[in-house]
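Going by the order they are written in, the chains are A, B, C, D, E and F; count residues from 1 in each one.
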Amino acid sequence: MPYVNIKITREGATTEQKAALIKGATQLLVDVLGKNPATTVVVIDEVDTDNWGIGGETVTLRRKNGK
Amino acid sequence: MPYVNIKITREGATTEQKAALIKGATQLLVDVLGKNPATTVVVIDEVDTDNWGIGGETVTLRRKNGK
Amino acid sequence: MPYVNIKITREGATTEQKAALIKGATQLLVDVLGKNPATTVVVIDEVDTDNWGIGGETVTLRRKNGK
Amino acid sequence: MPYVNIKITREGATTEQKAALIKGATQLLVDVLGKNPATTVVVIDEVDTDNWGIGGETVTLRRKNGK
Amino acid sequence: MPYVNIKITREGATTEQKAALIKGATQLLVDVLGKNPATTVVVIDEVDTDNWGIGGETVTLRRKNGK
Amino acid sequence: MPYVNIKITREGATTEQKAALIKGATQLLVDVLGKNPATTVVVIDEVDTDNWGIGGETVTLRRKNGK
């Protein structure tokens, strides 16, 4: 019954990579807490780099500056 | 003053259906808890089927397999 | 498969009222979008009035001022 | 280490305005709680006006009615 | 820089289990997307069984009925 | 109409500090985007240090190790 939300920047994650995140997060809840995978929900949000900030600046700017 | 967030897969919900979700969720808070509808906020997130998983697999794959 | 999150201030909602919110939100998704109730998840967060603000002030303060 | 999520309607916020929200929210956590800006994350979600409701109706409808 | 939120029912997860969820979710983002673990944030919310619903009923009630 | 969610570790933020976060976040939306403060909602979540991870470990452990 757990719910997992994964937020990442939108920088080209493939369908296969997103499927791997969903599979892995579900398995983690099974392994650690014995949760039922059938009712475990995983939602991935991909966020534009203009809309994600860390250290007070956008990821767009950080990428430009080689961070 | 309540805040309601409804996450659904992006599979063609119409403007009318989304308006009905907003109206219904707001009314629910009024009916059950006597909340003020004027400050009740409802936000609907539509999530790509590649980004939503249940049972460890994406909804895209489940739809293909007729689930 | 929808996921609904309802945030309300912690001001004495009863177990019965919370059960009614869960039942009503699930039914809303069934009625409007034909979703499967068996995999519809509803999570209620009750938030202290010190931690909820509207109009730039806490709900605690608003309650004191009769708002 | 704080995490801030800002949800606004998608109504033309510019890259500069979003950068200002990120900078301002980060600074707020530094000023009020002495948090480390380097690990403060801010995520902005822009939501279609069809998907945002207040007072039981969508923002799209409210804009049409001059609210 | 990813942000992961794991919501589970409050049913006795230990400090060790929660540390394992944090470690595992962080490693998943490293393995699948090559993300930097140093800025990967994981937040676990434990939700009372009265406040979590699935299938239109609370988990409290489901537990009583042996589900 | 914006909605702001601030998540911080539960480490003794005072009522006054939380009121300052609410006031500051609301003002930020007014200053940057001209939003109406009367319908701007701010919700603060305080999260136990056992339930917050960064760099793959809990904040509890990081505090013990002087980080």
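One rule holds for everything that comes next: contacts are C-beta pairs under 8 Å (C-beta built on N, C-alpha and C of every residue); 3 or more make two chains touch, one makes a residue touch a chain.
Please read all numbers here as calculations on a predicted model, not as lab measurements.
Looking at subunit A and subunit F, the chains in contact with each of them are B, C, D, E.
Here subunit B and subunit C face each other with the same set of residues for the most part; over half of the interface numbers are shared between them.
Set against one another, D-E and B-D show the most C-beta pairs in contact at B-D.
With angles rounded to a multiple of 5, the C-alpha fit of subunit C against subunit E returns 120 degrees of rotation. Looking for a copy of the A-B interface in B-C, E-F or D-E, one arrives at E-F, which has over half of the same contact pairs by residue number. Comparing mean CA positions across the assembly, the chain most remote from subunit C is A. If each chain is reduced to the centroid of its CA atoms, subunit A and subunit C end up 25 Å from each other. Between the CA-based centres of subunit A and subunit D the separation comes to 20 Å, rounded to the whole angstrom.
Separation between the centroids of subunit A and subunit E, computed from CA atoms only, is 14 Å.
For subunit D, residues touching at least two other chains, in rising order: 1, 3, 7, 25, 39, 41, 43, 45, 52, 54.
Chain-to-chain contact here is organised irregularly, matching neither a line nor a ring nor a star, and falling short of all pairs touching. Contacting chain pairs (ordered by label): A-B, A-C, A-D, A-E, B-C, B-D, B-F, C-E, C-F, D-E, D-F, E-F. Interface residues of subunit C facing subunit E in the complex, by the touch rule stated above, are 15, 18-19, 22-23, 25-27, 37-46. Per the touch definition, subunit D reaches subunit F in the complex via residues 1-9, 13, 17, 20-21, 24-25, 28-29, 31-33, 35, 39, 52, 54, 59.
Interface of subunit A with subunit D (complex): residues 7, 45, 47, 50-58, 60-61. Residues 1, 3, 39, 41, 43 of subunit C are the ones that touch subunit A when the two sit in their complex.
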